[in-house]
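Next up: the structures, one after another.
Next come two complexes built around chain A: one with chain B, the other with chain C.
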Partner chain A sequence: MIEELKNTFDKFNKKISIKDKIVHTRLDNFNAFAKIGFPGKSLEDWKFSNFNKIISKFKNIRVNLEEKIELEFNNFITEFEHNKIVFVNGFYNKHSFEYENEDKIVFDFLKNGPAYKASGNNSLNLLNNAFFTDGLLLNVKEGYSFQKPLIVYNVFKANKNNNFFNHKLIINVEKNANLELVNNNINLNSEPIFLNTSNFFHVEKYAVLKLFQINHLNNQDLNYNLNDATVLENGVFENFILTCNNEFFKNDVFCFLKENYSSGFINGCILANNNEEHEIKTFTKHIGESTKSYQKVKSVLDKNSKSIFQGKIYVDSHAQKTDGYQLSKAIILDQNSEFDSKPELEIYADDVKCSHGSTSGNLDENAIFYLMSRGLSRSDARKLLIKGFLEDVIETITSEKIKKYFSKRLSILLNEYR
Partner chain B sequence: MLKINNLSAKIENKQILNGLNLNVKAGEIHAIMGPNGSGKSTLANILSGKKGYEISGSITYQDKDLFKLEIEERAHNGLFLAFQYPLEIPGVNTSNFLKTSLNAIRKSNGKKELDALEFLKIIKLKAAELKIDEKILNRQLNVGFSGGEKKKNEILQMSLYEPNMVILDETDSGLDIDALKIVANGVNSLRDKKRSFLIITHYQRLLDYIKPDFVHVLMQGKIAKTGCSDLALELEKAGYEKI
Partner chain C sequence: MREKELEKIKEYKYGFSTDIEDVKAPKGLNKKVIQFISKIKNEPKWMLDWRLKAYDRLQKLTEPDWQKPKYPKINYQDLYYYSAPKSMKDKPKNLEDLDPKLLETYKKLGIPLQEQKKLNNIAVDAVFDSVSVATTFKEKLTEKGIIFCPISEAIQKHPDLVKKYLGSVIPLTDHYFATLNSAVFTDGSFVYIPKNVRCPMELSTYFRINASETGQFERTLIIADEGSYVSYLEGCTAPMRDENQLHAANVELIALDNAEIKYSTVQNWYPGDKDGKGGIYNFVTKRGACRGKNSKISWTQVETGSAITWKYPSCILQGDNSVGEFYSIAITNNYQKADTGTKMIHLGKNTKSKIISKGISAGFADNTYRGLVDINRKAENARNYTQCDSLLMGSKCGAHTIPYIKNKNSSSNIEHEATTSKISEEQLFYCNQRGLNQEEAVSLIVNGFCKDVLQQLPMEFAVEAQKLVGISLEGSVG
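This part shows the complex of A and B:
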């Protein structure tokens, strides 16, 4: 498979890279990837997944080389006003920052470079560095707060020759600046895609970045998403992830609380159904003093599906007065679904407050009886209980409009449940 | 209204009800008293349709075979149970829940569903009538409610759904006198010729405020004695041993 991918890569690199330097850097990344291969079960970070088996179903990995595609995407979220950027099949399509002062924003698209150095051993990130077609480079200038959220629409219309997409967001929020960013992946076709994204965020002093992730993908799609955030003094990184309808969806979130009083919140709702496998993996590194981190992930599993939560909290010896909280819960609706939870605390400071917990179980029959005795059908009673279970995570969203949107989206998704 | 004929129930091979007979006519209030563990809640649960019991005998409710009705159909047909231990439902807003359930009942009866505004008007009125603090409406259903608040919430539901057959399972237990009056008021204001009540209680205290037509003593899985409201006073003095 990797052999074949190499041929694809050579053609791709020739076409997309405009400078020698970029050609070489992309090649370095590919070679580094090829050395490791797709992540295997022997890697600690991947021990709950059989990614090689999952990717092997993807017989025909093809990269999009055609930039132009006839598609006028206008199916925007209507629940709240927002700025937008549309990428179609991995390439920039259009944008509108109609609510913003454009002097306070610097942005560019990644198609013409730069390239990103091959480093680390995350093979999917290396693969992304080799293959990314485009992406957003955004800098929010000092003291500027976005008036409305920015939604990145990642729209795909795949076919057999065009099903592997690599995308990037490189975002810097300067001192005292504010951004609410929504990433919305949409697959318009039923042809399965493999979406591989690597996102890097830099949150400067007193800045706030809120990142929300929505997916409108299909249940044969594979999706690996890397979020890597570095947070400076008093900065806040807030990440909320709702997973649904992907055959495989792994979210790898790194949060480096580099300076004092910085904080990172990573919360998620996992809805895995029909043989799907979804994961949220977090790694929070407390480096500065008085830093705070919070992870709350709740899963609802049905029909032979699987959810994984791996949450690592590392507290450096300098990171006194760290405040860490982690909770992972699952409702398992059938006999064949599986929930794997691996909390991991590595603490080298002594003045630290860290708690974590994990539970799983089925819906409470007595609660179902109570609700049914009030006239609700069994199915409605179950849905209400599931919604209530997840609502607790939705509540962590600090933006009212977006909280409302997710709550509504959840109700729509739960309509399909028994 | 409700006719229970030779009802027996077992759970995990333990006989709990053993040939119970009871006939509640429209407009009547029946009180059931009995020692702890005598099967009062079991009877209430079976009437509401809880699964898990091995049952024999028959129950007709409004001339229908009750066992043929699903749990929610019993609610749709106007059967209401105020739980002895109302469940806490995290993440579910009380007001939303009340609206959803009321609309489910209305819909099944061919009535128009209420929109948010119409509902709010009704629920606020009901809460005010019963002197129940509106604040509970915006909290998660029964979550962190005191015992009294949970019971008041059950009474609020009762008055909202306007059921035909009300079963109160020890709704008075653990209530102070003010809360007790709220419960009694709720019942008395619904009391009419067409509506029946089955009031399970441990103390005759509640019956000072709600005058039952009959008082039954449940022991050894059946009605051991039936009398008028004086029987409750007797029991209070002499205990159940004498029965």
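This part shows the complex of A and C:
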């Protein structure tokens, strides 16, 4: 498989890279990837999932740069006013910042570089560095707050010759600035895709970055997403993820709370159904003093699906007065579903308050009975309980409009449940 | 000079070594040494074959390296795999025949071998270096049909039982240290409780490593037949030596229908000195199988010693309605490291497990809880509750929690919670105010923190353990 990918890569690299330097760095990245291969079960971070098996079902990984896609794009999200940037099949299509002061925003696209050095041993990130076609480079200037949320639409019209997409977001929020960002991946065709994204965020002093992720993908699509955020003094990074409807989804979040009083919140709802496998993995590194981190992940599993939560809180010996909390809960609705969890604490400072909790089980029959005795059908009672269970996480969203949108979206998704 | 030595001994109460002539196997790990051990123990051929099979398997294995505490590479060729007091060659018939020096050693350790034995009502099997030297209360146990003897004796006298159960919980093909033990184990205890017998007293083994450059590889096998009950205690000490010594034991427990085994350990191997020099590597494999319906295995451990403690007493809950429990206190001070926890593997219906783990870390120590709760697809209505709390004293130590939770069954229920914190200033102040000094206050608070686990220990051990908790943390505050 990697041999085949190598051929694809050689052709791809010749076409896309203009400068020699970029050709070489992309190649370095590919070689580093080829050395490690797709992540296997022996890696601690991939302990619970069998990615090689999942990717092997995906017979032909193809990248095609020739095709020109004409797309009349209407807003996918109409519930609230927003700025938007649209990428189609991995390339920039259009944008609008109609609500913003464009002087305060610097943005560019990543089509012609820069090149990213091959480092680390995250093989899918290396693969992204080798194959990425385009992406967004955004800098929000000091003191500027976005009036409306910014939505990045990643739209795909895939076919047999073009089904592997690599995308990047590189975002810096300067001192005192504020940004609400929604990342929305949409697959318009039924052809399965493999979407591999690597995103890097830098939140400076007193700045706030809220990142919301939602997918409109199909149930044979694979998506690996890496978020890497560094937060400086008094900065806040907030990440909310709603997973649904794709065969494999792994969200890998690294949050470095580098300076004092910084905080990171990573919350998520996992809806796994019909043989799907969804994972949220978080790694929060407390380096500064008096830093704070929260993770709340809740899963609902049905029909032979699997969900995984791997959370790690690392507290450096200098990070006194750390406040860290992890909670993962799951409701398993059928006999063949599986929930795996590994909430991990690694602590080297003594004046800290860290705790985690993890529970899993089925719906409470007594609660169902209570609701049914008040006239609800069994299925409505179950839905209500599940909604209540997940709504708890949605409540953590601090932006009203977006909270409403996610709540509505959740109700629609739950209609598919028994 | 003398004062200095005395000072050193004060640090570790059991740090004396007894001057006893011993018989050692030649250094190194090879087929000859295994044959030597087998021959000196007068073992039947099947046992030797079993050991050699383990040895062959060992050649294909590599040491695991995923654990948190790293240690310098062990040179397995530079160890003695067999060391026995010389007087053991003609085994003593009764206690009076024992080497008086040996008896003195046990007296120093406070082990009830002689006159105390009648008072304490504990049957003791003492293992000195690699061999079992004395077993008490034999007659009374025999009356009930209970077999409690060194495993080397059991291999000769009860080969059927040993053949049937040895390696049935920890197979030859297990990880590196377990397989190493299977190849070279020298002695240990064997317990068989017949059907519907409730063992009238606590059974106890005391391990001591005496000779230097020795690895201790004991093997314990406990079988509780249908409807029986046994409570088993294990204690360990070792003299102070500058080099690190390896202790790789295997413990297998088998509980059949309606049987219950309670296994308690107070581990106080030499932890190394203040600067982290010397100490025991305690790499132990302990595993119990609840084979029968309604069976129960309960592990209780107080881990205060060893330079590195690396063990996960586990329960395989095969029988329906079986119960597994794990209560643990792990205290690390100075440069000690512990990576311990449990595995609860739920296979049968309505199986239950409970994990209470308390980790205390002081000085430069690292304390890790690592555990697995695995609920199988067929384990309907399985239930697990896990609580692991860590206490940190000082800003140079670490406390880590790594639980793995796998739930494949929708009717099961898993709860896990963990907290990490330090002793609060308010609590200390409250104690100080009432006239306790800093150390007494810490000892009191820590004992309170560990209460859930200490309660599980049999009376005789609980008192000792409570003291041990205080001693282990001496000098870690202020």
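Keep in mind that, in the parts below, the second predicted complex is superposed on the first by the 415 of 418 C-alpha atoms of A that agree within 3 Å, B and C clash if a C-alpha of one lies under 4 Å from a C-alpha of the other, contacts with A are read in each partner's own complex, and residues count from 1 in each chain.
FYI, a residue touches a chain if its C-beta (ideal position, glycine included) is under 8 Å from a C-beta of that chain, and two chains touch if they have at least 3 such contacts.
Because the structure is predicted, anything quoted here is derived from the model rather than measured.
*Asks:* Tell me which of chain B and chain C touches more residues of chain A.
*Replies:* C
*Asks:* Does the superposition put A:Ser337 against chain B (first), chain C (second), both, or neither?
*Replies:* Only chain C; A:Ser337 stays clear of chain B.
*Asks:* Would you check which partner chain A:Asn75 touches, where first means chain B only, second means chain C only, and both and neither mean what they say?
*Replies:* Neither partner.
*Asks:* Which holds for A:Glu44: it touches chain B only (first), chain C only (second), both, or neither?
*Replies:* second
*Asks:* Is A:Lys387 touching anything from chain B or chain C once the two structures are fitted on A? First, second, both or neither.
*Replies:* In the superposed model, A:Lys387 contacts chain B only, not chain C.
*Asks:* Scan A:Ile347 for contacts with chain B and chain C and give back first, second, both or neither.
*Replies:* Only chain C; A:Ile347 stays clear of chain B.
*Asks:* Which partner does A:Leu371 contact after superposing on A: first (chain B), second (chain C), both, neither?
*Replies:* first
*Asks:* In their complex, what parts of chain B are in touch with chain A?
*Replies:* Spelled out, the residues of chain B in touch with chain A are 48-51, 70-72, 74-76, 80-81, 83, 86-87, 89-92, 97, 100-102, 104-105, 108, 140-141, 157, 161.
*Asks:* Please give the residue numbers of chain A that touch chain B in the complex, ascending.
*Replies:* Listed in rising order, the residues are 364, 366-367, 369-378, 380, 384-385, 387-392.
*Asks:* Which residues of chain C touch chain A once you look at their complex with the stated criterion?
*Replies:* 66, 377, 390, 392-422
*Asks:* In their complex, what parts of chain A are in touch with chain C?
*Replies:* Interface residues on the chain A side: 44, 47-48, 317, 320, 330, 332-362.
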